[in-house]
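One chain, chain A, appears in both complexes that follow, with chain B as partner in the first and chain C in the second.
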Partner chain A sequence: MTETVVRRRTPWLAATVHSVRSETSVARTIVLDVPGWPGHVAGQHVDVKLTAPDGYSAQRSYSLAAPADGDRVELTVQRVEDGEVSPYLVDELLPTDQFEVRGPIGGWFTWHATEPGPVLLVAGGSGIVPLMAMVRERARAGSEAPFTLVYSVRGPSDVYYASELAEVDATILYTRTAIGPRRAGRITAADLPAAADARVYVCGPTGFVETVSDLLLERGHDAANIRTERFGPSGG
Partner chain B sequence: MFIDGNGAAGVFAEALGVDITTAVITCAGCGAGGRFAESHVYDHGPGVVARCATCESVLARIVRTPTDAWLDLRGARSLRIPLPAE
Partner chain C sequence: MSIVSRGFHGRREPAAADLPPGQYLTRDFPVLQAGPTPRVDLDTWQFTISNEAGAKYTWSWRELLALPSETTTVDIHCVTRWSKLKTTWQGVSLDTLFEDVETAADYALVRSYGGYTTNMPLEDLLDGKAWIAYRFEGEELTSDHGGPARLLVPHLYFWKSAKWVTGIDLLVDDEPGFWEQLGYHSYGDPWREQRYTDD
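Moving on to the complex of A and B:
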């Protein structure tokens, strides 16, 4: 049984924006300096709190996109139309801006580089973010655990981290605008490898995760090997 | 629409000082036990509700006010929390 035991109060910490970089037209990676950051495991997330000058505050959860690196923390945020927090983070935030973060949070949807694999990652849209933290942790640690990634996105312009996906055995499925031999369409059982005792991590919108969980069982995967992270219809 | 237990981890950690996602929560309704991370969380109301992934009974509710966190666990028969190695 592999899990990460976290047992302590998680205070709000001041985060300062170090830099930002675009991933797609609607998503940015935000690199933060968080003095006192306690470190984290690939797959965990943070709560972000924005507070307006009048005291109104709003909170959202975002996955950590990269392994722990001292006080340096990376999030990738996709803008949700009509959202309250994400449009600010994606469109307006600048280096040296500050907000609060709390974490790391969640010890169940995690992967440690000491685990030998094999690992199957299945991402829907921005669900790639915590899975990319696992891919990056594997590279950082020099792990040779076999990793297979199946990544479903609308079209080629929606792919995050394109240059790094070659690190692992990655297949991109396009649901709306396809390039390559596969026709555009939603994920099917044929898009997923059959069971081979892999630990499976599935992250995406709730409907995607539900569908993939059923397809994995159809492909012979054991429910006990499947870990899921659903981020709901709107991250806000 | 629900999310999973991971999405409620922050508010529970704030109240309890532990990561609840790895805890095993047993449903008082149907008796199914599972990781809190796998429960179904509804967070669009004034509080957060976690429901059993098997029977959809309410397992836990938490509401945060400016000064307190109110936790209602009546839907859970037990909550088993892993402890770190000594």
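Moving on to the complex of A and C:
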């Protein structure tokens, strides 16, 4: 018998909004029902296509915020000022509304529950989203991989998933408005654990990822263990 | 048949007429890469073309800069959907670098500092279609955008324009590069919207 490799084009699928919930004043989680969703790995993203009545359409990529749960898929989207797609998703979309999705996309910035860890997650702002999918996947699978999360945000009102973060080894760094002993300020080498053979995932705006990558190398992490995902200064 | 999203009208930019399907216009220059930015020392920088027989053709940084350069203004299209129009680059045409290279190979695997690779047919690198670029908009190319030098092959999605480029292996058989092994299209023509493996 020869092995049969089935390769299937990634199709556009109809997504129906099941529910929405607010994460911050500018971000919300959208829970979708997507019949035929093939499943995904924590850290992957999805392409979203919105179509206007005259056929004009716009597409963007968004990180999946949670592990696959059958046909149910979760995104968290932050509104980009002057954006074309994100203001619609954050401000307009209601349960039962429909659009199209395609995915999952991306096979590098991923974590499988079979991996023993340790894992260090470093998030800047909305860069928490794919990292939260990893945190949730670890909990779902009952993995005991050691996870450490360092999460940089402007202030307490900008934290996504606040109630769930209490369940992991999470340090929140505030850059503008601090609570707790650490003074408000940008991330420094002292905010990051030293290398302990951890696989490191860094996600955030370009400048943040660049800074953190350099700090990690300074702290002795091996470049080969560092995986990055960046949000450009633009977007939509 | 597309599903119409209630209440979505979109924002139609006039320049969008120049864009490949599924792309949107950005005026910034987003950065996308899989890991930390390699810091490449110009004293040890090398660019090497290896042919299918194993022969190597190597240039130092000084030798690269001594070659005739071209300035080109092109549109670039990232698979993550942003496009940037009329970007200006300076660098050495691959035609110049391939002048004395003996090969009958049809495929190229481009290599970068940091271990990144990307593949394409050799003909996509020749006949004025590709450059080793070291200046962007009149300035030295910064490391986050691939400096000191990156491949520029603007008619394909921009992940093919490998940052921190250090060499090209010529191959008789096509071999997938980094993203091409992870679900992205082997060729990546933005006008045919070849984003993912079987597009």
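The working rule: the second predicted complex is superposed on the first by the 228 of 236 C-alpha atoms of A that agree within 3 Å, B and C clash if a C-alpha of one lies under 4 Å from a C-alpha of the other, contacts with A are read in each partner's own complex, and residues count from 1 in each chain.
We adopt the following convention: a contact is a pair of C-beta atoms (placed from the backbone, for glycine too) under 8 Å apart; a residue touches a chain by one contact, two chains touch by 3 or more.
Predicted model only: the values in this text are computed from it and were never measured.
Asks: Figure out whether A:Leu217 sits in contact with chain B (first) or chain C (second), or with both, or with neither.
Replies: In the superposition, A:Leu217 contacts chain C only.
Asks: Regarding the shared-chain residue A:Thr206, is it in contact with chain B (first), chain C (second), both, or neither?
Replies: In the superposition, A:Thr206 contacts both chain B and chain C.
Asks: Report for A:Tyr88: first if it touches chain B alone, second if chain C alone, otherwise both or neither.
Replies: second
Asks: Once the shared chain is lined up, is A:Ile105 touching chain B (first), chain C (second), both, or neither of them?
Replies: It touches chain B and chain C both.
Asks: Could you let me know whether more residues of chain A are touched by chain B or by chain C?
Replies: Touching more of chain A: C.
Asks: A:Asp97 contacts which: chain B (first), chain C (second), both, neither?
Replies: The answer is second: A:Asp97 touches chain C but not chain B.
Asks: Output check: A:Thr10 vs chain B and chain C. Expected answer is one of first, second, both, neither. What do you get?
Replies: The answer is both, since A:Thr10 touches chain B and chain C.
Asks: Would you tell me the residues on chain A in contact with chain B in one complex that are also in contact with chain C in the other?
Replies: 7-10, 47, 59, 61, 105-109, 206, 209, 227-228, 230-233.
Asks: In the complex, go through chain A and note every residue touching chain C.
Replies: 7-10, 12, 14, 47, 49-53, 55-61, 84, 88, 92, 94, 97-100, 105-109, 206, 209-210, 213-214, 216-217, 223-224, 226-228, 230-236
Asks: Given the complex with chain B, which residues does chain A contribute to the contact?
Replies: 3-10, 45, 47, 59, 61, 102-103, 105-109, 206-207, 209, 227-233
Asks: If we count contacts the way the header does, which residues on chain C are in touch with chain A in the complex?
Replies: Contact set of chain C toward chain A: 2-12, 22, 24, 26-38, 80-82, 114-115, 144, 178-179, 181-183, 196-199.
Asks: If you look only at chain B, which of its residues touch chain A in the complex?
Replies: Result: residues 1-7, 9-10, 13-14, 17-19, 21-22, 35-38, 43, 82-85 of chain B touch chain A.
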